[in-house]
Structure formats: C-alpha cells, structure tokens
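Listed below are the structures to be examined.
First subunit A sits with subunit B, and in the next complex the same chain sits with subunit C.
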Partner chain A sequence: MGLPDTDVTGRSLPQSGAWAKAAREDAQARLHAMGLPGRRDEYWKYTRPDTLIADDPAPAAVFHTDEAPLYDGIDRVKVVFIDGVFDAAASDPLELAGVEIERLETAAQTDIHWAKGLYGTLETNGQTPVARPLAALNTAYATDGVLIRVTGKADKPVSLIYRHENDASDAILHHVVKLEAGADLTLLENGPAAARFNKVLEVDVADGAAFHHVRAQGRDHERQAVTHIFARLGRESTFKSFTMTVNGRLTRNECVIELTGDDAVAHVAGAAMGDGEFHHDDTVFITHDAVNCESRQVFKKVLRNGATGVFQGKILVKPDAQKTDGYQKSQSLLLDDDAQFYAKPELEIYADDVICSHGSTTGAIDDEALFYLRSRGVPEVLATDLLVLAFLAEAIDEIEDEAIAEDVVSRLDAWLQRRRD
Partner chain B sequence: MLNIKGLKVKLEDEDKQILKGVDLEVPAGAVHAIMGPNGSGKSTLSYVLSGRDGYEVTGGEATLDDENLLELEAEERAAAGLFLAFQYPVEIPGVGNMTFLRTAVNAQRKARGQDEMSATEFLKVIRAKAKTLKIDADMLKRPVNVGFSGGEKKRNEILQMAMLEPKMCILDETDSGLDVDAMKLVSEGVNALRDKGRSFLVITHYQRLLDHIKPDVVHIMANGRIVKSGGPELALEVEHNGYADILAEMA
Partner chain C sequence: MAGTDDMIAKDGVEEETVAAVKTLAGKYKYGWETEIEMEYAPKGVNPDIVRLISDKNEEPEWMTEWRLAAFERWEKMVEPSWALLNYPEIDFQDQYYYARPKSMEKKPESLEDVDPKLLATYEKLGIPLKEQMILAGVEGAEDIPAEGRKVAVDAVFDSVSVGTTFQAELQKAGVIFCSISEAIREHPELVKKYLGSVVPVSDNYYATLNSAVFSDGSFVYIPPGVRCPMELSTYFRINAENTGQFERTLIIADKGSYVSYLEGCTAPQRDVAQLHAAVVEIIIEEDAEVKYSTVQNWFPGDENGKGGIYNFVTKRADCRGDRSKVMWTQVETGSAVTWKYPSCILRGAESQGEFYSIAITNNYQQADTGTKMVHLGRDTKSRIVSKGISAGKAQNTYRGLVSMHPKAKNSRNYTQCDSLLIGDQCGAHTVPYIEVKNNSSRVEHEATTSKVDDEQMFYCRQRGMDEEEAVALIVNGFAKEVLQALPMEFAMEAQQLVAISLEGSVG
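Presenting the complex of A and B:
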C-alpha cells in the first residue's frame, strides 16, 4: 500500500488542543515511517492484516441476544461507547472515589493535561524492537476513549462497555490508565464495539500499584478487532489481564509489557473459543528490565470447523534483569481435523540468573477422560463441553476476583449449552 | 440381570482376539466374581460391556435386563443402569468432582425421563454418602481424581456408584493399589449397596477382596473364556494353588 505524504489512511487528525495535537502528529509521523503492516511482515506471518487496514470495514451483523449483560451482578462504574462513541446517557456519572475519569474527546481539547506524558508514549516505547503500526494509527486517529487517573484504591471496577449497533461501524478508541503509587483499579471491558475495532490501552502502573483487567470481546460473528495493551510496571507493582474471546471473524490482541521496577508482577491470560470463520491471534511481548520480576502468560484456545489460532509470545530478559521468573504457556485444543493453531514462543535472555520456561501444545480431547465421563452417563457433547471448560480453566484462574471469574465461567457455560440445545 | 452369550471381541486396530466366547449370567441381587491370570481378558470384558472404543465385537451378545448393551453408546449403557468402577480412575484436571457428579446424576435422570436433582438436594445426598466413605468436603471440591491417593480414587469410584445407584456394578480390580484399611472401607461401601435389585461383577486377582465382598459365584477366566465356575471355595483354591491346577484340568 502506497503512503501519501498526509493522511496515510485517508483519515484526518481529530481536532485537538496542544498536548493531544503533538501526540497525534508524532503518531502520524511514526506511522508514516513504519508503514502499514503487509502480508510479508514477519510479525504478520500468521494473520492477514488486509481487512484491518482496508479503507472501509467489512460489514458485521449485530449479534442480538436476550441474555443478561456480562458483569451484570457486579457493582461498577459503567462507561458506554456505541460504535466507538461515548454515550453519556447510557453511562454512569464518571465519578469514583480516588479515581478521575475523563472522556478523551473532551480532554484532548485542552492544552495541558496529565496524559501528555503517557498518551502515545507507552505505545512509542512498545514500537521497538517490533513495529506495531496499527497502534500508531490508533494514537493518531482515535477520536474517543477514556483517561483514567487512579490515586487511591478504587472500591469498584470501571467497566467499559462497547456496544455495536451499526453494521458498518469503524471504531478507534484509545484509553490511558495512570495508577499512582499504591493505587488499585480493576478495569472491565466487554462488547464487540463495532464492525471493525481498533483499540489501544496504555497503562502506567507506578510503584506498589495494582491493575486488574478482565475483558470479554464481543460475540458478533463477523466483527474484526485489533487491540493493543501497552503497560509499564514500576517497583512492586502488579498487572493482571485476562481476555475471553468467543466468535469474531478476526481478532489480533497484542500485549506489550515492560517491567521497569524491581519485584513487579505481570500476568496475561486469554481463553478463546472459535468455530468456523474465526481467526484469533494473541501476540505478547514482555520485557524484563528490572530485578526479581515475575511474568506469566497463559493462553488457551479451543478451535473447531476451520477456526484458526495464533500465539506469538516473547519474553525478553535484559542483562540486568537478574532473578527473573518468566513463564509462558500456550495451548490449543483442536476439536476436529480442520482447526489450526500456529505457535511462536520466543525467549531472549541476556541475564544469567533467571528461570524462564515456555510450553506450547496442540492436542485433541483426551479420550480417556471423555470415556470416563460418558461411562458415568454424561452424553458425549456435554462431556466434550465439560472438558473444554476444564481446558480453559487454567487461563480463567488468572482472574483474581472470584465473582468476576464466576461470571466469566457461567457465561462460557451458558454459551456452550446454547450450542448443544 | 446381566446376560452374556458367546461374546467374542478383538482389538479394533490389531488382529488380536481377546474374548473367545464368554458365557456369563449374573442374576438380580447376585454377586459374581471373575478371577484369572493376567491377560485372560477380564478387563477387556469390563471395557466392552461399558462401551469403551477400540474393541470390535465379532460375535455373541450382552444384554442388561433384555436391553442389548452392545448397541448402546457408553452414556446410554450408564443410563440403563450399568456402572464400571475403573481399575485406574481417570484424572480430569479442571472439572470439579462435585460438578462432575451432579452433571452425571442429572444426565442419567434426564435420559430416564426423570426430573433433575436440585442443587440443594444433591448437596444433601452427596454429603451424607461421602461421609460414610470418609470423603471430605475438600475431595469433593477438588478436580476429579487429581492428586488423589490410590485409596481416595477407589473411594471416589464407590461414591459415584452410590450416587448413580446403578443396577449392575462391575468392579475392575478395585482392590489394586489399596492397603488393608482402604480395602475394608471400599468393601464396606460396596456392601452397603448390596440389594436384591442390584448385581455385582467383581473382577479381581486376589481372594482377599472376596473376604470382604462375599461372592455367590466365582468364575475363572483364562484365555478369553470362562473356564470354570463354582462357589466361594473356588477363590480359596486359587489362592492356595494358583491357576496352574485349574488350567491343567482344562487342558
């Protein structure tokens, strides 16, 4: 794809005040310099970026369901976006003790803002050694999102809800979360957002702060999404992120984490379940740049009927990052011969006193376990679903909050049951 | 109750005949034992009856109360009242023991056209039954058989049997890997289930299990056939003299 001097994507930069204007122009320049991803890019070897970078999104029918929304029983501050646009009427007041929540669209009009040093900054840090052009595109052209500054321990989660109402919507959202020292926040996300969704979440976790993130990507069959998380972790901080993905034609979730303070902990997990035209790509890059940090990746995929899963996961341990404990697990359960899974686990270690392990497996349902369940009277389809949930359990276990984890499990359970009925 | 006539079975992937015409009838309320040397086909018989893949029936029949077992899926056989206590109970990480049992109980009830058991009722029943088998709450919560000792696994099998209330129970070397105390506990669990409407087929290498679970009839299986049947004294004979005498007698 040729890159004209301006507006590579045919878009124009949103109207902004000084700080956002600078960040957006810088991002536009980065995008120009690196170009859009192409099929020959090594980093896009297993996932075709074509539809993600096309001028217009492929239409995606809105998925209608009568089930209760996810996290329904959980007390939270709801922030609703419809096809990528904040909807104040559908949202709760953006108020939470110890937390400032602002809409990007508004905050971007000011000249001075605390997000100046973060918006696009963590994304920029994450552009080396591997370019992530769609994240730069996001920083440049995102029109909406939230800027969250956490100064204390939030007593309930902030819940970003992405509704999809227009079959042809193309949404770009950019969120920044800044956790001050010792702060604590749980961020929930759910919903398909749009026919095509490009989202960046930048998270700065200061010393001793904790960030928990649980997201469920929408079930609209044809939706496409490319998302990036860029996180920077200070000393003794915690970052835990879990993503559940069921359906969606194309999903590329990148997660880029930098452990910059000693004794920090980062966990990233994902449970994905795909049937038919489903392509799900988890691309993770974790950099250990401090002493005695722990990182853990647990990704599970259940695939059938030609569904495709991709895992590219890297742990980079810098020379001074001694006592690193890095763990990476990526597994797929292929329910038939047509499903495919590509895994590229990578460890690059420059320190000598570290423990790093990775394991990637692809397998079918365990026949012994299946027979055991059936011999107790559990019908084969139900037994298979029990084993599917069991397979995903290790990833779901990464969710610390029990009520949220239960919600996720019961949701998966209900979806599987619908398929059976 | 269980009626097996001329059952011939080979391995599906190999040209190897395992059962060469097994005849066996277990009436309602009876406890029959099958003993026999390694490789005689005892475990194969239990697997074929319960519907495990990998075997091909080349002749004969097996019915449970006139229902042709061999035509049913494994889960249908279970719903029809057949239960196999595994020699090596399978570990299933990620599936809670309680969830597993409730799913199984309700699946069978559904298959039989009965109402599902409510969570509260199920909990009440399982707690009482677990208690007699010395299965604590923690074992019920843990994933199925994961990290269980040999004895715990076998007790868990008996708990499943007690919850599912089958009419035909096959115990495949339930005594293997059990110490004396565990064997006693498991046997008590089995004996508590003895009933005029329920039959047992106890497969074992050793007579000692039959001290605890007293059989009405003992069969000796060798080379894919039942070669001798008799009363409990037959088990004692095997214990004292081994199989050699019996097999020589047959030859």
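Presenting the complex of A and C:
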C-alpha cells in the first residue's frame, strides 16, 4: 500500500512524556509498516473498512431516549467521556478500594508509569499472525482513556460511560487494565461514544486474577465503531467478556486473547440485533499457549431488513498447549430474506491431546416453535420476539452477575417492543 | 485390523487382508519404475511447447488457439499463496511438459497392439488392461453378479492414454468413453461446447496452466436416459522423471443419465518432487446423476519429506439441470502437497451436491483440501463430510465454502469436519467460509478435533492387537462414513491405504 513517509492518517502524535511517547512512536512505525486495511485484505473480506479509515467520520445523528440509562440501579464508579472527552463533572471521583484509576491523558505526561510495558505491548503481541492496523493507529493517536491497576478484589464495578453529543465526533480512546495476582474487577461499558469510535482495551490478567467485562454499544443508528480487546491470561486466571450490540451502521469488534498460564479460562460472548442498515462484525482470535486451558466463544445475531452479520473466529492451539478445551459457537437468526450472515469459524491446532470444536448455524425462526406458541394463543409478533430472546439467552448466560444480566435482557426486550408497537 | 470392518463379509478375507497389508509395511507399494524408452518435449513451457503438445495430439486449429490463449493468460498470473502449505518454489521451466513412451508414437489400433511393457505396468498396479470382469486383487468380489463387476478403464501413462477398455460394449449403450485427445478429434462438437464451461480457462493459476498444456485425460458422454452399464475408471500413472502430468477430464451426463466414475493414481518413488495439475469438469443435466470417486495415492515423499508429488487439482461439477445430483468421494493418502477443492455449482432447482473426504497425512505431507458448495437454485441440498487424519509431522487443513445465494430459497447444507491427531508434532486445521444471503435456507456446520481415544486404544490392545493395528482400526472407524460412500472396489483399497499411510506413525 502506498503510504506517505510522514503520516498515514494526517494526525499528529499527542503530547506525551517519555514512556508514552516511545509507545506511540512504536505504534506509528507499526502502522506505517502494515498500512491501513483495504478491501482486498482477507481479514476484511466481509466488512468494508473504507468508512473506518476515511479522513473524516460520516456524521451520525444523536439518538434521544427517555429510558433510564443502562446499569442505572447498579452501584459503580462512573467515568464519563463525551465524544471521547473526559467529563469530570459527570464522573464520580476516580477512587475505589484496591483499585488505582488514572486517566491516560494525565498519566501519559509522566516519564515513568506502571503502564509502560503494557500500553501498546499487548496490542503488538496481537499483531501476529494477522495485522490489525486500526489498533496500532489507536495506540499511536489515542487522546485519552483510563489506566486501571487492580491489587485486590474491587467491591463494585468501574463503569465507563460514552456519551455522544456531537454529530461529527471522532473519538479514539485506549484503556489499560492490569490485574495483579488474585485481583478481581468487573468493568462495565456503555454508550455510543461518538459518530466514529476507535477503542482499544488491553487487559493483563495475572495468576489467579479474574476480569469480568460487560458492554453495550449504544443505539445511535448511524454510529460506527471499531474496537479491539487484547487480553493476556496468567495461570488459573479468568477472563469473561460479553457485548450487546443493537443498532449502529458499522461495528467491528475484535477480541484477541492469549492464554499464557496453565489452567486459565477465557469466555467471549456477544448478542447482536440489527434492523435495516446494520453491519456487525465479531472477529475473535484465541491463542492457547499453556496447558489445560479452556476457551469458549458464543456469538448470536438476530438480523432483519438487510442487516448483515459477520463472525470470524479462530482458535489457535500451539504445540505444547495440551489438554486444551476450545469451543466456538456462532449462530444467526435471519428474520427475513434480506438479512445476510457470513461466518468463518477457524481452528488451527498443533497439539494432539485437545478437544476443540465449533458449530455454526444460520436459518429462519423455527416454524414449529412458532406454531406451538401461536396454538397457545400467543400472537405471532410476540411469539417471534419470545423466540428471539430465547435464541440470545445462551450468549447472555455468559454474564455472571444476575442484576447486570437482567438489565441487559430488559434492553433487548425494550428494543423488540419498540419494533412491535 | 481393517478386515474387521463390516464391509468384508467373509472371515477368510479378513486374515488375507491383514497379511497383505503386513507385507507392505512401511513401504510405498507403487514406488517402482517402468524402464521404457521415452520421448520428451524439450524442458520448460512456452508457446512452442504448447503448439507441440497440440501437434502431437493431432488437434484441430481451434484447440491450439484455445491452449495458446490460456498460456498467454497464465503468464500474467501469480501463483496463489493463501493455502496453509509450505513448499519450495516450483520452477515451472525446469519440468518436462510432454513425455510419451516411444512405442506409443504410432497409436495402437487395439489393446493387443500396446507395448507389453506398458500392459505389464498396469498389471503390476492391479489394473489389468484386459476386458476381464473384475479388477485383480479385489477380494470377496466373486460373490457379486458378473454384470455388476465390469469396470471400463482408460489408462493414462505420463502424457498419453495407453488404451481404453470395453469401448465397443459401451458404444452399444451410446456411451462415449475415450481419451480426451481422441474426443477432440472424434467429437469436436461436444468438446467445443463443454470444455472450459465449468472451469473457465482463467479460473486459477494451475487450471490455466493445465488448459495450456494438458496432454491427455478422459472424456465421458452419457446420452439422455442411459444408465451407464458399467463403472468407468481412469488410472493415472506418472513414470518419467522431472515430468509434470497435466490431465484433463470432461464428463457430460445428459438428461436422466447415470454414471459412476473412478479415478486412481500412483507414481514412482523419487527424491525430486514432481508436479501434477489436473482439471476435472463435470456437466450434469436434468435428472442426471454422477458419482465421482478418487483414491489419490501419488508418491507422498519419504519419511524425511524428500520427493513426492505436488498435487494441484481443480475439480468442479456443474449441476445445470433441475434435480441433478453429484457426489464427490475422495480418499487422499498420497502426495507431498495436496491443493484440491472439488466443488459443486448447484444451479438447477432441487439439485444436490455431496462431498465425502478422507485426507490422511503422515511424515512431512501437507494437505489443504475441501470443497465449495455454491447454492444458486431453489431447494438445493448439499452435504459435506470431511475427515482429516494427521500423523508424524504432517499438516492437514480442511478449507471450504458454503454459499447460499439470494435465489437459493429453501436450500439446505450440512457440514461436518472432523480431525484426528496422531502424535504431538502434527497439525489439524479447519477453515470454513459460510455465506448466507436468504433466510429460508438452513446452514449447519460442525467441526471437532481430537486425538485417538485412550479408552478405545486400551480396549483394542487388551484384545491382543498391536498398537498400529489398533490405530488403523480406530481410524477406519473414524472414517467409516466416507469409506461407505465409495464403490466396493475402492472401499477395500481405501481401507488398506488407511493402514499403510499411517505406518510408523505410532510407537
């Protein structure tokens, strides 16, 4: 790809102190070397990157609703970003027992910080064997984000809230979460963030630590987002991530997990519902590099009116990763003839004592189940919605906290109801 | 071992099979070479070589032009690199593209005129070119009625077809079965109409090269309403050194016809890798059915990964008519490198495609194989059953596509890909692509990867089997669904092959 010598994006690196400057310059060099994704890239076969790499974001109208915000009844530490800019007044004090919370913008000005060696490092590890240029772009140019270090068991979640107020905003945020041995944290995310949002979350889960992550991507119809999660798991650690996506013109969620310690567990799940102009892409890459680890991917999509779903999932089992248990499931429910689904569920296995499997199905709603409900007096529209929720349940079950899971279900239910009325 | 499988009816056969396999232990059975005087075209490929091949086959002008156009395209193409295969760069100019036994210079009038050395070669391979009822070496076939046991054979030796059996009898039924070079001369209207209509000249790098330099292959035409009275088969033998084999097969099943076609292949054991790039095109009209079975047993290279055949094959069936049906069955045990994706274009309404595959890789073999099911017509059905077995330091990849187009309403696909790993230095990979563009169709894909089950092993060992026999039995069980889809002669050979190709993989 023909790249100018100076700057591929026309952006300049944010002002930083020594550690962040080095990390950003490295990322800039990586980005130059790999180039921006193009339509001919195999990794972008089913999702066009054009609007994600365009100089300016396509405008996206702000979605107004009088519904109570998600997680409203849950006690949490709120960190609010409006169009990618931190809002101190709307946020809680960044204080939580056993947890240090800092903003990238301020921490980046120092010359030494614990995030050195993590910021951009997990992203770099995740660049092979497949290049993820938009993540390198993020590391280089992210304007803000949070750096969270967890030393104990956090007694409430940290909640990142992304508001969208400007139709033409273009936000780049980069978060780093470091869980020390035995630590425990739940991270919540919700909101559309901006007209175009590029986000990277790097998570380092040390031995015996546990990380729970639940996010909802915001309902603004025209918003576009490309997000990456890079996680590294130590011995006997746990990583569980769930994402709910309803609406949004284009979403590409990449999740790159490396199981480096024995007996680690990683679960990634997603429930997506799209109506009309909706393109949702889940791209997951899980590397087993230790003994007796478990990984599980469960992705469900409900699509109608020309909505498109994409799933690219891969389990890579390295030669010494014996006793691996890898499972991958991607299913789509196509509610009408205009919806489309593309899947590429891959296994690449170099160890013999493993159990790895994947399943992928696509089809319409089950006529018999529908008939059963209708014969019991449930109107067709309602019966369809019940079956949709039942279909998504397996992904939602991956959320461990019941209150949060209920909150997520109520949003999905409300979304369906708005389309019934 | 293999004999305990339920396909063999008699107890006596079981022991014989075991004994037969044992005598072959650790050796590639077909690795010998026929010493025969050969005539070669100069090394390399260029328009002159293309013309020379066309001349040797006494082709009409239009065919020569077709080849030259293909060559012109090929020169502008780039060798694909997306497969999970790792092999040294191929020097396409360091190969012979045409080699024929001197004795074939004047085409023999009948099988009696063929050089006895060539006949002996096929005799030794178990493919006698006599019009006898059964293939030699098939145990247990005596019990089957004579009519069901006839197999017509087209034997291809390096670049030429040596002979085709049962031609007269097939002719009575209206079936045309001959070498493709003969078809170009004798039935130009059919060849012109169908050649390149399923695999276009520009399809892919190897298919384009094949279009330019193919030297021989088989041609089959089954007229409307005819059920081919016997199984047809082609046996490909590479004998000459440094010679690529580029064969072309064209099968046309007209309305309401049926044919079962078998393909076998072997090559001598050599240190230097050899190239094989074939194209198979199948056209299936309304209500017709074609069964295509392959046992691919090219020389796989030695246990250190030296030599072997690089096998780049394009096979595609076009189900043009409504209710047409195709079934691909392949047993891939040979070749150092396999690049092969037999595909089905399901164009006709209610047409059906099936793909059954066993790919076994041992030592340093690499296989990247699978299928494409392209659903274009309404109510089309496809089924994929793929079993990959990897041992030694081998890499085995299933790569496939299932595509449901918007007009393929009410279509179905079911895919099952299972991989078995024997040993901790091999790899098994699955790369399926699924594309669904309508909601009345249903696509299901399942894949698993596992190793030979310890409990099953223990059970077999406890009953006195040695480790290799036990593995062969378990693998045969794992692959049973595919073995059962093969015609009987092949099923037996395939079972033996499963055991032989896994020799030395345990212990």
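Basically, the second predicted complex is superposed on the first by the 419 of 421 C-alpha atoms of A that agree within 3 Å, B and C clash if a C-alpha of one lies under 4 Å from a C-alpha of the other, contacts with A are read in each partner's own complex, and residues count from 1 in each chain.
The working rule: a contact is a pair of C-beta atoms (placed from the backbone, for glycine too) under 8 Å apart; a residue touches a chain by one contact, two chains touch by 3 or more.
All values derive from a computational prediction rather than experimental measurement.
Novice: For the three-chain arrangement built by superposition, which of subunit B and subunit C touches the greater number of subunit A residues?
Specialist: C
Novice: With both complexes superposed on chain A, which partner does A:T238 reach: first (subunit B), second (subunit C), both or neither?
Specialist: Neither: A:T238 stays clear of subunit B and subunit C.
Novice: Applying the touch criterion given at the start, work out whether A:F341 contacts subunit B, subunit C, both or neither, answering first, second, both or neither.
Specialist: Touch status of A:F341: second partner only.
Novice: Between subunit B and subunit C, whom does A:T283 touch in the aligned arrangement: first, second, both, or neither?
Specialist: A:T283 sits against neither subunit B nor subunit C.
Novice: Under the stated touch criterion, which partner chain does A:F371 make contact with: subunit B (first), subunit C (second), both, or neither?
Specialist: First partner only.
Novice: Who does A:G359 touch here: subunit B (first), subunit C (second), both, or neither?
Specialist: second
Novice: State the interface residues of subunit B toward subunit A in the complex, per the touch definition above.
Specialist: Residue list for subunit B touching subunit A: 50-53, 73-75, 77-79, 83-84, 86, 89-90, 92-95, 99-101, 103-105, 107-108, 111, 143-144, 160, 164.
Novice: Please give the residue numbers of subunit A that touch subunit C in the complex, ascending.
Specialist: Touching subunit C: residues 42, 319, 322, 332, 334-337, 339-364 of subunit A.
Novice: Within their complex, state which residues of subunit C touch subunit A.
Specialist: Against subunit A, subunit C makes touches at 82, 84, 406, 409, 419, 421-451.
Novice: Help me check something: in the complex, which residues belonging to subunit A touch subunit B?
Specialist: Those in contact with subunit B are residues 366-369, 371-380, 382-383, 386-387, 389-394.
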